[in-house]
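Below, each structure is written out as structure tokens.
Each of the two complexes below includes chain A, the first together with chain B, the second together with chain C.
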Partner chain A sequence: MFDIQSFYEAKSVEDAIRALSQDEKAQVISGGTDVLIRVREGKDAGCSLVSIQKIPELKGVELTDSGDIKIGAATAFSHITNDPLIQKYLPMLGEAADTVGGPQIRNVATIGGNICNGATSADSASTMWTLDAELVLEGPEGERIVPISQFYTGPGRTVRDRREICKYFLIRKENFEGWHGVYKKYGKRRAMEIATLGCAVRVKLSEDKTRIEDGRLGYGVAGPTPLRCRKAEAVLKGSRVGDMEAVERFVETALTEVNPRSSWRASKEFRIQLIGELARRALKEAVERGGGIMNA
Partner chain B sequence: MGVVGKEMQRVDAWGKVTGEAKYSADLEPRDIYHGKVVHSTIANGLVKSFDLEEALKVPGVIKIVTCFDVPDCQFPTAGHPWSVEEKHQDICDRKILNQRVRIYGDDIAAVIATDEVAAARAARLVKAEYEEYEPIVTVEAAMREGATPLHPDIRKDNVIVHSHMTMGPSDFTFEEGLRQAKEQYGEENLVLVEADYDTPRISHCHLELPVSWAYVDVNGKVTITSSTQIPHIVRRCTAQALGIDIGKIRIIKPYIGGGFGNKQDVLYEPLNAFLTMAVGGHPVRLEISREETICSTRTRHAILGRCKGAATKDGKLLARKLDAYANNGGYASHGHAICANCGNVFKDLYQDELGCEVDCSTVYTSSPTAGAMRAYGIPQADWFAECLTDDLAEKIGMDPCDFRLKNCMGEGFVDPANGIAFHSYGLKQCIERGRERICWDEKRKAYANQTGPVRRGVGMAIFCYKTGVYPISLETASVRMVLNQDGSLQLCMGATEIGQGADTVFSQMAAEATGLTFDRVYVVSTQDTDTTPFDTGAYASRQTYVSGMACKKCGQVLRERILEYAAYMLNYAETDLAKTIHGGTVRQAAGRMREALGLSAEDQITAEMLDIVENQVVVTGGAPKLFDVAVVAETSVYSLDRSQHITAEVTNHCKDNTFASGCCFVDVEVDMPLGLVHVKKIINVHDSGILINPKLAEGQVEGGMSMGLGYGLSEEMLVDEKTGRVLNDNLLDYKIPTAMDVPDLDVEFIQLEDPTGPYGNKSLGEPPAIPVAPAIRNAILHATGVHMNVTPMTAQRLTAAFKAQSLI
Partner chain C sequence: MLKIVHMTVNGTWRELAVDERESLLDTLRNRLGLTSVKKGCEVGECGACTVLVDGEAVDSCIYLTMWAEGRSIMTVEGLKGPNGELSPIQKAFVEEAAVQCGFCTPGLIMSAVEIVGTGKKYNRDELRKLISGHLCRCTGYEKILDAMERIVEEVYRTVNEEQT
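Moving on, here comes the complex of A and B:
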């Protein structure tokens, strides 16, 4: 039994915003896999909840007329992984979504919740950073679009107002067409796990597959929020596929851009070891997915 | 043998798979109240006062009781049979709620409310004022000169017990052994290893939480339904905690979802009893959350083993030494028994030519209490012994399997301290079989001289484990059988089914001993201390051996009684029984029998001439068949001439013990840059005597092996040394392996009949969890040359070690 003061099932986005505006203490719940844990721990006991779980417009994946991809914020991870558009255009995101918790969690937990709770360990976040995803938020003052790079303000904190609903994520065609990527989650076990470190690498190879025309590197748990290593990306840009010196420079540069901390869950030294090794391995796999041969 | 040794389907399979089987929480009555424990938020100190004002305002709160309200009775909690010798009695060092706080999360008050939300709300609002002392979280801090004693009324300092034991001369010391070794073999022919091997505090992680509910029955009995392994011990300890007579307590134990030793302790039943008594006997339910279970119930002891070992360069083990320091946490629970058990197996497992010296210290600290957990100190003993063994073999340059075969405990071994022996010995056969199955010799060669970041290795560990607790403690078990009119029987065991399959193997034994078929045995799964016979419960891998023997003896008595009545029927077929519906059947049978045996009408038929085979009363030898046992059963109940209800009840006071043994072999791949250990192949080979049910035995071993994998690679409770608080008190942060982490598990048995077991069997429940962690450790050593002396061997520890050795 959960200690919940009130529960309102919103009928639409507008309805949800109105309910959140009316009750200063109300918070959004969708899949509930984060909210209910806080309620159970007593941190949010006695809370008021506004559910957005039954709003159809917040669910599903679609291809827009301009060829961009829209992902409804209340789409559950298992639906993302199994979506034909995701499998065709963004398999990496589907794979990242498939690393969250266990099957039961993935059937209810949503990508919107994963991003909006502001956790650095969110498994979809580093991939969304490498995709330059944009969040479409709607609140009492109307709709706004926030690039993911401007969304996080600190650990567990974002620019989203309590009354705002994240409606969907927009991923532009130029950020996935011709790109290949890999997400490496490192946890202490192979399932039911929070990431000790998450690493997302995307590359765009030249037509002859011998050069990395462009690359992206995103991390989770390498700092207080998910992040991108733009200097390391610059090192990679234009490098020859299989240039191991460039790979090492890429890794070394990445290490200058991260800021992991020691906690009882993992030491800073260990996280740094993972940051380097995962970048190396994810890059190799991403290049190979793009048709390049890494050890050439 | 007939049904013993067969892979019978579990008697509770359908009930458990469909969810129809009833567990404690399924049985609670309507309108039950809910209890919630208030835990201390300091690790060491004294509760000065409470402010209950806000908490009492929460709608639904019935009552709040505190440490100032409970009976002034200190009681023990260990699941041991009570000793009638005062110095062997368990330590009485806690009350139902404690004013003197000794651990973070100590039980200081409890709320009773109409629902669990109100109870939890009120519990959060209870304010306690403390006098705080510095937490003494580690053994080192607790043993430091001047450390505050946590139980000054019981011990002058924090050492619960220290014990010294030896193998070889009683005054043997390692130093003396070393001196002798140098004299005998020359210093240049010796190798010496000295190392500290460390083990973590871990949590049992049984699926079903500790849950109980209690009420006062109309006859005044405090009646508690609880998820426990030890109903009769819970009854005694609850009486001690409340300061009332044992007959006033009744414990009912339905199906339970695992215990692994945590429920071999009296946990919250005394508090639950107190809560119902505080509200006039109204039913109160007390369910302990996972977080509370991890912090405030029991754990496996973290034991540090400071080890020394000496051997000759040609591989003869000469002498070893263990200094073991066990962190017992805030309360004694099983006290010193576990660390002493650890020391015993360390010294027993190998034959030191000169001797072995062991010192064990068990220490109170202000950290979570340690108690029993699967294999009772032996996973730690095996970690110490088997790390040391591989380190010695490595230093000698000898194959560690050969080194073990040369030096391990041999056939005919008897522990001189307690007389425990191998009544059947299969250890070396297990080693040979494991060696063959893992392709040891080929792989030791193939994996030599590897380079690169990913490497393979094979490792092994052996173990021994006794069966039950005799002669250290009492071994006793009772069984009752009641024959039904249709020739089936109720089997009432005092022994408990806790998921291990006890009900099924006892049913097999009952069938075997009586001659009835398996489907005619109805085991009464629920133990109720008012009605089921006495047994101390499920622990020490004892039940199949000790309670199984009681079951066998009881079955034999029942069989004799059936046959005695059958003989009466055959003799009086013509007279007393002539009018009964079975008269004709019995008369014909008597005729067939007299003819077959050449008996005249005057010759008495005796029970000795009869037997029961597959529900049929037969003439000894199997033929001719006379009639179904149902004919005897129905007649015996309803006979107008001689009504006699056929039952039997037997106590087995067991004065035997026997060693089981076995080994684990493992093949790993170590990904050094990420610190990942992939177990590519793993096999346990067990010497547990004859298996009563091979399928269930295999299941036991698989479960134990996966616990061993967790012990080796991921599980540890992290306790903040400053505050005494458990940091990872949930199943996200406490890393038990998931289905994805457990590789295919291979299991084999060397089945040798043990003459002391009821059907040639000996212990199996706990052993599988013992050798896995050190086998993995030794495989990592083979793969990388790195000595991981601390378990669990987490990726963080591994990468740090590989860096220190410049391997990455």
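Moving on, here comes the complex of A and C:
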């Protein structure tokens, strides 16, 4: 038996917002793979749960008329990985989703929960940063769109109000069309593991595959929240594919933008090592995916 | 407070009065007597409580029974044939000696049902990843992987023979 005050299955987003507004101790539950663990540990014991698991509009991936991709917040990781649209347009996100927990967890854990928990180690978060994902939230005051770069406020903290429901993520066409990317996760085990460090690199190559027209670098566990290294990206932009000096400048700049700490999982020094090394490896693979040749 | 929930369990439509704070694990074990569903870590780490919900393997210890409303649940008890015979997956586990203490076995078998149900062929590395949500402290996994490899191969062959 879980130590919860009450459980309510919301029938719609409006219904969920109403239920959350009525009870100060109520919190949203979707897949439950984090919330129920926190209840079990006693951290969130005694809370009331408002479930959004049975609201169909929050699930699934679709292509909008303008060619953008909409990912329902309550879409489970395995459903993201297996989705034909994700496989075609955002394979990197499907791969990142496939590194979370184990198969049974991925069948229920949702991408909305992964982002809204505010954890720096969230496997989907660094990729979502490099995609400039936008979150569509709805609360008592109506709907608002928050870019992921403005979503996180601290470890485990976000701008989402307790009564707000994250409905879906919007990924604009210009952020994935012509881009290629790789997510690298480092953990002590290859499964059932929280990332010691996660690194997402995306690149857009010139038509002849000799220049990096644009690049993006995102991290998890390299600071209190998932983050982007925009100065490092600027260094990479316009560089010649295979220019190893540019790669080293890219890595050095990234190291000035991160703020890792020591935890029981790894020391700060080890994380700094990983931040550089994973960026190098992910960049090489991302370029190769885009058809470029990197001489390492 | 007790609430009414409806679900299909191993092919039978059930109407149950459950506590809304209950996990599917507790409902299956304590209310329906389906003791193949093992209570291990209770935090979704060990996979001993794995059951299928609408054909997908989930950790029933962190799945609220209320979510099962209208859904179809399958446990190892639902695998046996009309005369109580073992399913091909169970037979593979027995014949490959993939069972030692047996605590992790029902969960692994349910994951195997999901894996085999895809009709795809997987190599040993892929299978290793697909069973990574299960802990086994006896076998070292090799015998389990032998059984999985065998059943995946058998089903893949049968499915392809039927199609040709």
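Just so it is clear, the second predicted complex is superposed on the first by the 295 of 296 C-alpha atoms of A that agree within 3 Å, B and C clash if a C-alpha of one lies under 4 Å from a C-alpha of the other, contacts with A are read in each partner's own complex, and residues count from 1 in each chain.
Just so we're on the same page, a contact is a pair of C-beta atoms (placed from the backbone, for glycine too) under 8 Å apart; a residue touches a chain by one contact, two chains touch by 3 or more.
Just so you know, these numbers come straight off a predicted model, no measurement behind them.
Of the two partner chains placed by the overlay, neither chain B nor chain C lies in contact with A:M294. In the superposed model, A:A191 makes contact with both chain B and chain C. Of the two partner chains placed by the overlay, neither chain B nor chain C lies in contact with A:L255. In the superposition on chain A, contact is made by A:L274 with chain B only, not with chain C.
In the overlay built on the shared chain, the residue A:N107 is in contact with chain C alone; chain B does not reach it. By the touch criterion defined above, A:V136 lies against neither chain B nor chain C after alignment on the C-alpha atoms of chain A. Shared-chain residue A:L85: touches no atom of chain B or chain C.
In the superposed model, A:D3 lies in contact with both chain B and chain C. Residues 1-3, 102, 190-192 of chain A lie at the contact with chain B in one complex and at the contact with chain C in the other. Those residues of chain A whose C-beta lies close enough to touch chain C in the complex are 1-4, 6-7, 9, 32-33, 36-37, 40, 51, 53-54, 78, 101-105, 107-108, 190-192. Residues of chain C that touch chain A in their complex: 19-23, 26, 42-45, 47, 50, 53, 56-59, 62-64, 66-67, 69, 111, 114, 129-134. Against chain A, the residues of chain B that register as touching in their complex are 115-117, 120-121, 124, 673-675, 714, 718, 720, 727-728, 731-733, 735, 737-741, 794-796, 799-800, 803, 808. Against chain B, in their complex, chain A makes its touches with residues 1-3, 42, 45-46, 102, 186, 188-194, 264-267, 269-270, 273-274, 277-278.
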